[in-house]
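Chain naming follows the written order as A, B, C and D, and within any one chain the residues start at number 1.
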Amino acid sequence: MTELWPLESLELEDKPREECGVFGMYSATPVDLAWMTYLGLFALQHRGQEAAGICVSDGEKFHVEKDLGLVTQVFDERKLDTVRLANARVSIGHVRYSTTGSNLRFNAQPLTTRTNKGVLGLAHNGNFVNALEVRKGLLDEGALFQTTNDSEVMLNLIARQAKEDLITATANAMRELRGGYACVLMSRTQLVGFRDPNGVRPLVIGQRDDGAWVMASEPSALYAVGARLIRDVQPGELVWADRDGLHSMMVHAARHTPCAFEWIYFARPDSTLDGVSIHESRVRMGEQLARERPVEADIVVPVPDSGIGAAIGYARASGIPFDYGLYKNPYAGRTFIAPTQEARELKVKMKLSPTSAVRGKRVILIDDSIVRGTTSRQIVNLLREAGATEVHFRVSSPPITQPCFYGIDTAARKELVASTHTIEEIRELIGADTLSFISERGLEAAIQGPGVCLACFNGDYPAGTPLLNDVDKLALEV
Amino acid sequence: MTELWPLESLELEDKPREECGVFGMYSATPVDLAWMTYLGLFALQHRGQEAAGICVSDGEKFHVEKDLGLVTQVFDERKLDTVRLANARVSIGHVRYSTTGSNLRFNAQPLTTRTNKGVLGLAHNGNFVNALEVRKGLLDEGALFQTTNDSEVMLNLIARQAKEDLITATANAMRELRGGYACVLMSRTQLVGFRDPNGVRPLVIGQRDDGAWVMASEPSALYAVGARLIRDVQPGELVWADRDGLHSMMVHAARHTPCAFEWIYFARPDSTLDGVSIHESRVRMGEQLARERPVEADIVVPVPDSGIGAAIGYARASGIPFDYGLYKNPYAGRTFIAPTQEARELKVKMKLSPTSAVRGKRVILIDDSIVRGTTSRQIVNLLREAGATEVHFRVSSPPITQPCFYGIDTAARKELVASTHTIEEIRELIGADTLSFISERGLEAAIQGPGVCLACFNGDYPAGTPLLNDVDKLALEV
Amino acid sequence: MTELWPLESLELEDKPREECGVFGMYSATPVDLAWMTYLGLFALQHRGQEAAGICVSDGEKFHVEKDLGLVTQVFDERKLDTVRLANARVSIGHVRYSTTGSNLRFNAQPLTTRTNKGVLGLAHNGNFVNALEVRKGLLDEGALFQTTNDSEVMLNLIARQAKEDLITATANAMRELRGGYACVLMSRTQLVGFRDPNGVRPLVIGQRDDGAWVMASEPSALYAVGARLIRDVQPGELVWADRDGLHSMMVHAARHTPCAFEWIYFARPDSTLDGVSIHESRVRMGEQLARERPVEADIVVPVPDSGIGAAIGYARASGIPFDYGLYKNPYAGRTFIAPTQEARELKVKMKLSPTSAVRGKRVILIDDSIVRGTTSRQIVNLLREAGATEVHFRVSSPPITQPCFYGIDTAARKELVASTHTIEEIRELIGADTLSFISERGLEAAIQGPGVCLACFNGDYPAGTPLLNDVDKLALEV
Amino acid sequence: MTELWPLESLELEDKPREECGVFGMYSATPVDLAWMTYLGLFALQHRGQEAAGICVSDGEKFHVEKDLGLVTQVFDERKLDTVRLANARVSIGHVRYSTTGSNLRFNAQPLTTRTNKGVLGLAHNGNFVNALEVRKGLLDEGALFQTTNDSEVMLNLIARQAKEDLITATANAMRELRGGYACVLMSRTQLVGFRDPNGVRPLVIGQRDDGAWVMASEPSALYAVGARLIRDVQPGELVWADRDGLHSMMVHAARHTPCAFEWIYFARPDSTLDGVSIHESRVRMGEQLARERPVEADIVVPVPDSGIGAAIGYARASGIPFDYGLYKNPYAGRTFIAPTQEARELKVKMKLSPTSAVRGKRVILIDDSIVRGTTSRQIVNLLREAGATEVHFRVSSPPITQPCFYGIDTAARKELVASTHTIEEIRELIGADTLSFISERGLEAAIQGPGVCLACFNGDYPAGTPLLNDVDKLALEV
């Protein structure tokens, strides 16, 4: 055939997507905060690849720069220079994952605005489940909304309290909004951080030897700027750093239910959240899975990179050798183009390829999750073509059957394969010899015992659900 | 010397700068409004070269695209496609001149926002002299400001009137704001235009054979989309087009004092504003200047392109031959780089060069205005080096001594050469044999008789002046 | 209609196209030659807008940078820095017009190559009529050709003479190649310039007060770098500058027949070539045309900018007033997009628009040439729609009926309207009331008397024609 | 300190660099070869990240596109379209690693040229050790060189043989050039591949079910286009595909000594070269290392990704658990910016970070090689800071003490830490508790027994060394 197919850009992942990573820093002594924030965001890049932004103030000037792209794409020397200040005191930064659309640039964060409390910058991770309801009320009072960011709702709530200072106004706004969120907020002289009452989304505090305070979604970002982890921000806690040091106010805590997916997939293996090491919990998930779902086989092979920890655990608990059966092309970025018809299969094939380790072997394949299942089928297929005689698929998270309302994009419910198929049907679909998921209890045990949010597995939403489900109707296409 | 100088980008002009050009269109039948607006803005490009933006709605969707650059730079095929709608009904567009700074992108227009009256887009030309005062009040009530655009003040005033419809709310906002302005505003179903009570800034209405209504800063933009000029919007008038046709409301008119500089320099020679042809008025300015300030010479030479009309008039009234003594390099755009020290002289030299027509001649040089005078000195110098024996400088506007508060950037008062020097001193400074400016009365006569705004020449501001002169203090650096 | 048309980029011109402009400089004392060459090329930008390149050596290093685009697009601060040398001694530069194709970048000049005479850089303007023949011979001897530039043929001829020095080898190569050309060539220590035996293409020599030697296609480029015009390079002359000064060798001169189109259209009005001022010759063409082809009318209107000189001349000789009847949009660059069907008409409409000067008037319209005639028809139409009662079209060049083989792209013969239509047919086609062209003799007289190359008007090719007309067959699509 | 440091882009690697990857395809039936070549190059991206190029012919047209950047950066939809041909028959492609300089773009491959054998395209991997000598001779005969590519020497040698056909001329050129190389060459109708007499650089042949022939540096690229591995091209073999199928000619074979570094580091773990699986040989290297250099410890940790295979082997042979002790940031690309002073340390810190797995553990750290050693010191340091109590460094290649003349950039000899330090000194330098390298014999055994090229370890160059060591003097800076 001589037909030339139209090419298109491809997503190479079938994973839940974190909405964001946040970072903030306050230094009483002059530090190159623009560059520190760049370092911090670089360490959080895995939490959002669509947009990046940095905001810096020296107490007078207030600079912001943000755009679509990776941190290293948005900020070259010249761009970073535009936010650098010789006597910088406060800064925040943000990386964002977001959905397609024509004007994403306007939704990049931090969102900055002038208010009766001076210029403010806000970067948030997560979702307010009653944002639309609150937004509607604000519109009726004459507010303008220039983005579809939840951040703008929060900023309006703060600005409406003309008589209150920034901290009190922020605490009141926290009381008005529900959901799973972790935010950093800055004025010209203060760095503020706060976490939802259930602690669904993570936020940690660090400090450098020179006294500078740092807040970030993960400890990895603290290390990147030379800070040590002090502690996690508590669920429902509001903290702020200024010239007098670090302060805290407990606004309203509820049952602590951090998102399980931080340990399953999102957070970096070198991070520790709420006291639990990501890597070690993944090894425990693998060990638990081996105990719950044993099978006779020759090698344990991870889907790189996120399955490595659980595969090590499975291999240890089962005594079956760990091997490097799937190679991940490190250049498999986001801009790969492919003919439309072949896209499905190519996207996996160009990213993963089997090594000779699987030839003639019974393989236990370890992945962290299955969302749509399309990728899984192709990976199984790749292994079989490479000579694997059996493929036993083990998943270190339970089946995902429900949407997340706290900032994770797991795809629409009808696209979730486990929402519409039995496990046996999924097994058949993906062509594995056996398929098993870790149990909810097993997962909890591998993390920190009871209390993690498992809503996407069992529909039990600890921080509430949206009242209005008319997101699309209200959405502003600008 | 082996020293390598740092290079920098140069402005090649020493002219007053128009802040903006606006365009809007309403069509009851489907028309490619994205492209029509592109055509309209292209015809208005001379009114602003820093940023361009287009906003289109089909009654449901509401698309906007804007960025820094010329219309043809901001909009290539792909970008224009992002705002195209198959059943487009309303559109507005904007070209902007603006000052330097790090985040100009956020100030590009049209400004779009979601309000209790639905999504609105606003593009404005000119300035509200009490914008800062009104803005301060709005901040105190809890408003957020994300730009430093006057447009955002106007939009807040409209949104605050939650019970009023768009037209009434806009009329009330007009009553609250003072200054010189011409705006186009759109909702999903209406195109609105309004002009300040003095008609300082221009706005015209046109219609196409298919019934579509067009509003624009100059008739040239109407012709560009196949519309004929219906009339100028009246001072203080509010007009709007919707499915029922064109409507008008007179909000509050004052003495009609259109900006003289539209005829002197800004508007295209093929435009007619408030009934007066730009080109013909320039010829009359030249004739008037010849009568007021005659001199014996061999040829009349315009500073191209803006001096051509007046030079033709001067030549006609004086009987001295018109000649093409200065060549303007058509590639002398905005991105020319040059060593810092040489920038001053080079910027003129690379743009203008004398032809052999001036050799051995007594030259009458016609320019439309003198702002700082630096350019004028170099042009005189160029002519002398090329062999002109005498250079008689004639200017078709009076000496500029005052700032404009209605949207024109004439430079700070201390930079205005006529504000700090006598005419004889200026003559000496620029090295001309004689130097004369047209009189205020002569200028009025050449335009349309008494009534044009001459504030930058005589300090008589018909539309008021700012109460607060703390622009810099309040300015939001984001 | 709701159909959305595909958009495409447009050429806004219907004029012959010059292939190139060249510039070279030799300085015994350190000068920032990269920047000097930038200035020189900027002044020659009108001779080629597709690509620009600069080559600089300090006697050791040899830097080159070239790309598609205008001089100011190819060279920003950073790019110019890559060719800057602290002790630069020799430099050449090139601007190019070229035809469409996928890999134009490889054809950008200067062409640089390593040979047995060291590294050489060559920039040429014009065409060798026997280039393909010579190229074929070189291929048979084992030469590689990486471009389709004639320059590469010249460089191969030079390199083949392994025993000769650069000057002798270049002189011999000149003897082998025929056609119309003007070149600058540099080694690490010499700047060489040469012009074809008929002097069809122009080349001038200038000198700065500091002793630096400059060579360029037009004197405008000399003035741009602070040099004064010394003289034109003679037809068939080879000149070179090195540490010992400027040298000359007369290689083989023939009848001097410079290209008439340099005076008609190509060269800048502020240039003087072979002793004849461009602007003044254009005024004489207009005067001559008025004498040859008088007509009763109210105003004389030029098609800007190239028709201005002749319009002034016509107005003077006829006594009919010159007026500014057509406004040229200075932003009408090369990247305008338009729906395919409307492209033809729009391209003129967006570039030119009539002023009120033509309303009710009998207009004599002065243009420098008619190639395809499509543009002319639309200009006439624009004037009529604007109220011109009569349009008398006068052209300051004779009808173009033949292709140029010396570096000018006049379009294919079948596209030349004067090659396939009588003047009366053309008049009807373009809708003018009368149409007249200047006579060949009249044109010669307006330039410098007998001797200019008029081949595109009468087919008399003074420098020969190609033997092989198989350009397309041999062309290398890389 | 308030000093703001200048930022610069960083290389994040301290590894030998492969010069190139090559790919070629011949199809008698129409296939979208542009896209196939894109896929093939994408699979070879790890072999060169500086530039990419594709060349396609349909028997008539001959398109080439190449530029600096990754395959996915150089080729978006539009760019790939420019080389697509509906009836494509032959294509080649190239990815390149290359050194810094101002005009790298001109050195991108494939190199295309017109010769007496028609248009040719050549892409090569490796180096001709006598290239400069041959080049000098060609210059003396009048050849031009426009690049510093060895490819251009090869093409000149081919073109000089005017009477021979392409295959014979290529075979003769192979006889004249010495070194380690693997090339693909195409005319409009033939795809040619050849490998040096020692088979130092790899080249494999594959075929698709539709009969299309593929040649590539690694089998991974065959799989990427749906072809199966047929065989390796033999040392000294010349193969070509045309409408009559695949042909072979043995030109001149020598002792087969493939480059050991293909197995140690360069080739993808999913590739098999000369019959030996890359992944399995790496596991064997680890096993061998464990036997040669045992040590008591708690965990075996690879430096990801290249150390994974050997770490698995070491863990298996020693019985010490494999663990995931170092996380590699997948976004650690080439464009990271950092203050100059901190660059050294940051480049490692931003790329690698220790997980909690190493806390309190005695760690065996497995890396594939040590070049300068700077990175190694920092990795050891990272592990200690993260709580590792002992760090035993094991390297799966012998100490690198000599430069490679066959296409690998290992850094200058004086920068090779093992060239100037004893192993004990290196151990002290990098701060490890113990340090051991695999033995040469052990490495050979892990690959394929005697015969691999170990020149960079022991200075025994099987394919000769350069006669002239004046690369720098001859280098063309263009």
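Heads up, the rule we're going with is that contacts are C-beta pairs under 8 Å (C-beta built on N, C-alpha and C of every residue); 3 or more make two chains touch, one makes a residue touch a chain.
Predicted model, so just to flag it, every value in this text is computed and none were measured.
Contact with both chain B and chain C is made by no chain of the assembly. With centres taken as mean Cα positions, chain B sits 47 Å from chain A. Our note on geometry: chain A versus chain C, Cα centroid distance of 59 Å, whole angstroms. Between chain A and chain D the centroid-to-centroid distance comes to 35 Å (mean Cα coordinates, whole Å).
In chain D, no residue reaches two or more other chains under the touch definition. Interface note: chains touch in the pairs A-B, A-D, B-C, C-D.
On the side of chain C, the complex with chain B involves touching residues 1-2, 4-8, 30, 32, 35, 38-39, 42-43, 45-46, 49, 70-73, 75-77, 80, 84, 86-87, 220, 223-224, 268-270, 272, 277-280, 283, 305, 308-309, 312, 316, 321-324, 327-331, 333, 335-337, 339, 346, 349-350, 353-357. On the chain A side of its complex with chain B, the touching residues are 55, 61-65, 82-83, 102-103, 111-116, 119, 121, 139-146, 152, 155-156, 159-162, 476-478.
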